[in-house]
Amino acid sequence: QSSVTLYGIADISLGLVNDGAVRQAKIDSGTLNTSRFGFKGTEDLGGGLKANFLLEQGFSLDNGASLNDSQDGQTKLSQMFSRNAYVGLSGGFGEVRLGKVWSAFDEMNGSANAAWDSALSPSSGVFYAGAIGGYTSNPRNSVIYFTPDMSGIRGAFSYSLGENKTATVAAGSVAAVNVKYASGPLFVVLGHQTERVDGSVGMKKFTRLNANYDFGVAKLLVGVGRQSQADKATNDWTFGATVPVSNNVAISGGFAASTDNVAAGDIKRKGFGVATQYALSKRTALYAGYRTARITSPVQARLTTSLYAMGVTHSF
Amino acid sequence: QSSVTLYGIADISLGLVNDGAVRQAKIDSGTLNTSRFGFKGTEDLGGGLKANFLLEQGFSLDNGASLNDSQDGQTKLSQMFSRNAYVGLSGGFGEVRLGKVWSAFDEMNGSANAAWDSALSPSSGVFYAGAIGGYTSNPRNSVIYFTPDMSGIRGAFSYSLGENKTATVAAGSVAAVNVKYASGPLFVVLGHQTERVDGSVGMKKFTRLNANYDFGVAKLLVGVGRQSQADKATNDWTFGATVPVSNNVAISGGFAASTDNVAAGDIKRKGFGVATQYALSKRTALYAGYRTARITSPVQARLTTSLYAMGVTHSF
Amino acid sequence: QSSVTLYGIADISLGLVNDGAVRQAKIDSGTLNTSRFGFKGTEDLGGGLKANFLLEQGFSLDNGASLNDSQDGQTKLSQMFSRNAYVGLSGGFGEVRLGKVWSAFDEMNGSANAAWDSALSPSSGVFYAGAIGGYTSNPRNSVIYFTPDMSGIRGAFSYSLGENKTATVAAGSVAAVNVKYASGPLFVVLGHQTERVDGSVGMKKFTRLNANYDFGVAKLLVGVGRQSQADKATNDWTFGATVPVSNNVAISGGFAASTDNVAAGDIKRKGFGVATQYALSKRTALYAGYRTARITSPVQARLTTSLYAMGVTHSF
């Protein structure tokens, strides 16, 4: 009993959503932070060794539905813990987690996204929206290892088994690595992920380099990425800034762009996003924001999507 | 951790169920109170303002299944929190909740149902069982506002977005309002709900007026209601009484009737229900009860259904 | 709030799995203990009487999926609590539980399985793997009664309603009983279960006799069982031993065999399993093990399956 912590986030917003075809008012969950609950705990095993577990389910606060995981090409599951579910050990050697975990790529992916890496970020609807699509953020059947901090450098490596080998086709896999450097105002991280649904299809590759620099009056955020699969490739970049306006108000915004190199010519996606938070307490904040994305393609009509939203996010 | 309360109800009964065609013994969940669990919490934000959240899932204690929500005409969801899921603020201005909430109509609907507004109530199988069917009790994508108490008068208004607008059809909606008056032994409440699956179908309207008067030796319960959609209309009424027999025993029972006005002539439903509770503690009670309903139609054979049940309900 | 305990087990392993056709590495959940979480509580009602409830969900720690229950021939449910869900009373008379419970047969079934009655047990892939198949371990719509301890003898009886009666077919049912005797180093238990999907199909019968004797340096485990349905019958046996090597290391292993008597001749299944646990604390252990099963049939090619696994199990 005392060994378990029940925690979560309840986040909801009222928004005006334009998907390019229809514009309508919506009450949506997780605009700033994905709504979730979880059970977690740590047991001290002595000698600096600890056993850790975490079970975390995503849900939609607007309709009470379970969220599903993002495993590409695999059977959809009836999820109990769609976000993370692991047990592991930590100590002087670093930390190992076994189960369903954020991949080492996902652990770093959003660190340059202005507007707090949310649905209001400039990269929303721009990154991972093209020919290659998204990456598997929380792969099944995984192990991840985090190194200890070595003079500001930390690394992580994750590997995930597809477990779908047949007599003729090899099993799929997701492998990812990141290396982070943090020192004073500077934070830099490089991440890479390769994934394959199974042995019959080509490998997807995802690479990203993110950096933050905190000038005090503002933190600058810059990121570049590249995704490729067979003869397809996508390149993207984002930059932005987060400004602490007062003790309990902050604004964050920026731009993002992504280009697909395809046979018919380049498909370009550009995005802008800005959000502001007003903290009512350490656990509760009101927020408002706007984001828009525009897709220009040589073969299709220009598509513009947008979201105006105001909401509340509450941690428990 | 200290910010979350884990709570619920486990309710199960052994019953003899006659559905009109077959009579069989059943072990059923939620005969007196729907089995549920939930997480909830309140954070004091200072100045009388509070942040509140509640996440509540219904389940069947007899087979462990998730219960689903009641959103009419919408995609069935894999539910994590089928009953309620919201975050909101409360203070001197009243209370606002955003998410999946009881509609303002559902907040008042059962207050005149004898046998503790349960599956043993006289209205069970009688109300909302005809041409127009049931109302959406816990609509998705909702906001509800509760006024503060004003000399015994309180009101509530809820609005729920269908979020199913297309290029040619407007979005659906559920709108509801209630006004309550409580003073000494008297309680009166009026509620109204309109709902539309989407812009292509007619509006359903639900109205109800409930009153209670507590004479001390017994509390009288009276309710009248009307439902309509296009050229169809249903009228219903119920009355009953709840008698506190001793410190830990109470009996409640009554009658209910509902009439559909349809082209072929009136369809009439009549119901009787009675239940008794024996409290083993504040949190645990044994109960027993009987309810029956009879449907008389000009075009079909008379149908009589009934339920004898005894069970236990336990709050945690 | 103080009335609820949140508990569970997180168990995961890395294994080499050979299903007879394909051999591949897997990260799997529940190899030693099924991963689960639950809510439970006990309320003292005075006079020795207690109200008890328990809600327990199984899940896969490797992918976060919900586990389903094992009700034979019934509609698959979207499960909230797939393992157990009950409320009941206990006192001098024994204990009664109502809901979804382990049947009285399942309460005793695994007590002679070496390797801690797990996926590494010699009986894994051998017992309940033939013509008659598995038994329903946690039937829906159930009541179970446990007698109090009478000089080392305890019994239990469970009955579960199919609730699928129609105008022409009777409802199914699961009935089970066990009697246990425990005195000093000796433990003996006899169990029996009969089950029928509905009134149109033949009864399945499951019988098992298990015994343990603790010599101190080792505990011996012996079990024999028989399953039958119409003209089909299966007989099985297992024996093994569990050896406490040191304060925090134990080894357990053994053999199992099962034979189907079918028209074409006997189908034989033989299994071997061994596992070792290294306790890091009372709540956390590392484990490793191996099991293999071989099926010999007069009409099919010999099939050999096996599992090498090492993992961690953590209770919270």
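We call the chains A, B and C, going by the order they appear; numbering starts again at 1 in every chain.
What we mean here is this: a contact is a pair of C-beta atoms (placed from the backbone, for glycine too) under 8 Å apart; a residue touches a chain by one contact, two chains touch by 3 or more.
Since this is a predicted model, take the numbers as computed values, not measurements.
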- Item | Chain contact topology (line, ring, star, complete or other) | complete
- Copies chain A and chain B touch via same or different residues, half shared test: different
- Item | Computed distance of Cα centres, chain B from chain A, in Å | 40
- Query: What positions in chain A touch 2 or more of the other chains?
  - Reply: 6, 57, 78-79
- Task: Could you pull out which chain C residues touch chain B in their complex?
- Result: 1, 3-4, 6, 39, 41, 43, 45-46, 49, 51, 53, 55, 57, 69, 71, 77-89, 98-100, 140-143, 161, 163, 165-167, 171
- Message: Looking at the complex, which residues from chain B come into contact with chain C?
- Response: 5-8, 10-12, 14, 21-22, 24-29, 37, 57, 59-66, 78-79, 280-281, 283-284, 311-312, 314, 316
